[in-house]
Amino acid sequence: MDLLREQVWQANMDLQKHDLVTFTWGNVSGIDRESGLVVIKPSGVAYEDLSPANMVVVDLCGQRIEGELNPSSDTETHLELYRVFPQIGGIVHTHSMNATSWAQAGKPIPPLGTTHADYFYGHVPCTRSLTDAEIQQDYELNTGKVIVETIGQQEPLAIPGIIVKEHGPFSWGKTPDQAVHNAVVLETVAAMALKTLQINADVHAINQTLLDKHYLRKHGKNAYYGQQEHNEK
Amino acid sequence: MDLLREQVWQANMDLQKHDLVTFTWGNVSGIDRESGLVVIKPSGVAYEDLSPANMVVVDLCGQRIEGELNPSSDTETHLELYRVFPQIGGIVHTHSMNATSWAQAGKPIPPLGTTHADYFYGHVPCTRSLTDAEIQQDYELNTGKVIVETIGQQEPLAIPGIIVKEHGPFSWGKTPDQAVHNAVVLETVAAMALKTLQINADVHAINQTLLDKHYLRKHGKNAYYGQQEHNEK
Amino acid sequence: MDLLREQVWQANMDLQKHDLVTFTWGNVSGIDRESGLVVIKPSGVAYEDLSPANMVVVDLCGQRIEGELNPSSDTETHLELYRVFPQIGGIVHTHSMNATSWAQAGKPIPPLGTTHADYFYGHVPCTRSLTDAEIQQDYELNTGKVIVETIGQQEPLAIPGIIVKEHGPFSWGKTPDQAVHNAVVLETVAAMALKTLQINADVHAINQTLLDKHYLRKHGKNAYYGQQEHNEK
Amino acid sequence: MDLLREQVWQANMDLQKHDLVTFTWGNVSGIDRESGLVVIKPSGVAYEDLSPANMVVVDLCGQRIEGELNPSSDTETHLELYRVFPQIGGIVHTHSMNATSWAQAGKPIPPLGTTHADYFYGHVPCTRSLTDAEIQQDYELNTGKVIVETIGQQEPLAIPGIIVKEHGPFSWGKTPDQAVHNAVVLETVAAMALKTLQINADVHAINQTLLDKHYLRKHGKNAYYGQQEHNEK
């Protein structure tokens, strides 16, 4: 648990390094699949006051197991994703500028080039709006549920992020560090997609062949990007 | 008074840290409600030359009580807000890039997502233009009056900022530090709102249910964001 | 001359501090009106290699008086402005992002708010294109002449900058330091004006009353911005 | 070879300094024309782990001659350019924000001002899309071939960069350092061109006379920009 605390703390600090957060508007969690315990950032604590020791540990039902602080108010969203997607090990939520603007615009981000295709095997999806009932009761849990609904039958590690309509981006990965990596990619492709559309409003998604080439160049059994030990990264 | 001088100086310095000011284009004040004295940045002094000692103290009528320097040229605007809104304890004025662009465009900033709803319980209002007479005589006082007119019956702490048409943003809070915090939020939501409209020109304000959920999650008696002692922050 | 060398060197270094230059794409000069000598940055030398000692001194006819390096390739533009406008003491040229984009767009920057009005008493003008003949022979001198032609009967210190069509901004002031200050203002109002038009394409210049109020609040005999000794700054 | 390793390593590090890369999304190579050996960044290695010693050496056929790491996955693109253009000595590939957005938009970048004309003697061309067959087999080699096809009869040192449709920019120069320099220019003119079009959608390329003036002021036998020893730079 100490290692995961350290990893989750480091991943939270990296959000700042990558300019993805203002104040406390972001959180990272990680899960230990053996014990089923989740380490997550405490709610509303300034980044300079975070440490591995004040990360909060909860179980998959949301019971606080270790720590004195309240866990992130988005904890129930994280837990829903961990329960439904056993292949993910870390989750990030931010209000990063460009991804949040796409979320506010309520539009999925189309794959317009190879930067996108290197990490996302298709559109970054955008959820539907929550109903009034979903907002009023169990809002954070329902946010998780609408993410799951939107991912549907897609492989979550092939679409390692989403934008929640009127809210902002969530991303994930096999580890907290990879979830942060994918949050940076999501923010970058969001910024590029807006600029691309400003240059050429008629542009459309790249074709499947180029998407396959780039995604599979970095992922899967025939990947040849990077050094052997990094192929899956 | 020494504590307030320190707080107001620190809040002024924080404007720089948050990239809200160019040169001397910003000022923060704070009020001690018991004595009715206001501490404010001196006019046109470079940030590196500011210190708690050279902050200026004025009373609510604008008489200089302590300090050798002239107070900010916007002092009369601050004082009007303190006189009318007894619940506020700190005020910030900047020419931050995106909020000022909305002010120049003469448009209120609609609540397009939860980043906005976490802090502003509705549109960030935009004042009307001042009349020629209001500009020529008591300009800074009239700037305060048009802010008060625009806020109208709304609770100023629920709408902790405004954009003055053709000029720029003012924000406030219970303390100078919270006023700076709200200035950062205002600049951020202004930037996001522009990008959102560039992605989807047909977007409109989020519904009341989501606005309630996010605003009340952070504010008021049932707030559950953050740690207990931060709930009101 | 040593003081002016130091001031011009410092002003050149400040272009970097204010993020106005890429590589060597900017230059500042200053004039000593008594001797009629101009100190200017050498051409194409990296900022880290500049020193007060390697600034170049030329007379108003462009003869190199001191220094071993070639003066900036834009020297003839600077000299023309010094010859025609005796009230200016420093000149800056940059390719700063937003002002250059307005220059490439070939449009004057309208005064859309008080940030602009605090420094520019009207539009930032945009020159006409040079003719083929003006480009082919004495290009840099003709660049100065078209600036002078565009300023026309306006007071250059009340319009302390211009954008040269298809090229970029020039600014000036009583001293090299004030010319840099105005270059920062010009870049800032250029960025704000673009964003303003993106929010509201129908916006137009502020009225004369507000322009008068803000410009004259900072400049002229009844100025009341800043501390007494700074009024003219 | 040690000198070239050092130069290529330094040039790779400079991509970071100039904010052209996110994570490992960029690579620089250099060639020693005497031996025909190319030094290139290893694939997928973090910038902080790069050193002159772990740069990879390959021959013009792509055989690894020195180094234990896999060369950049874009190596075949670099090699094709070195084989066809004997006048170039360094190549850069990045996914820099603005140039990549133009690539995704599938549009050449028109010369809209002198910033562009100082370095690129005409449009920054944009390649056609690759065919499905070109993507599926020898993708990186075919990327090089489509660059060569697009440059056509133009002098590559007069058009020292290109944008590959749906992918991103490549640039080159006589040395790795100059290739990085041109990558910075390409990113800058890409950003300016977008802003220019946002201010004035009807703008068009500058005329040939101005293009000649600026390009030839910095390049060729009558260049007069910079100091004598820098004229070709």
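The letters A, B, C and D name the chains in turn, as written, and every chain counts its residues from 1.
Rule of thumb we're sticking to: a contact is a pair of C-beta atoms (placed from the backbone, for glycine too) under 8 Å apart; a residue touches a chain by one contact, two chains touch by 3 or more.
Quantities reported herein were computed from a predicted structural model and do not represent experimental measurements.
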item: Interface numbering overlap (same over half, different under half) for chain A and chain D; value: different
item: Chain centre separation in whole Å, for chain C relative to chain A (CA means); value: 46
item: Chain A and chain B, separation of their C-alpha mean positions in angstrom; value: 33
item: Two or more partner chains touched - positions in chain C; value: 197-198
item: Interchain pairs in contact, sorted by label; value: A-B, A-D, B-C, C-D
item: Contact footprint of chain A on chain B as seen in their complex; value: 112-115, 181, 184-185, 188, 191-193, 195-200, 203, 206-207, 209-210, 213, 217, 224-228, 230, 233
item: Residues on chain D engaged by chain A in the complex (per definition of touch); value: 22-25, 42-45, 69-70, 73, 95, 97-98, 100-107, 129-130, 132, 135-136, 139, 166-168, 194, 197-198
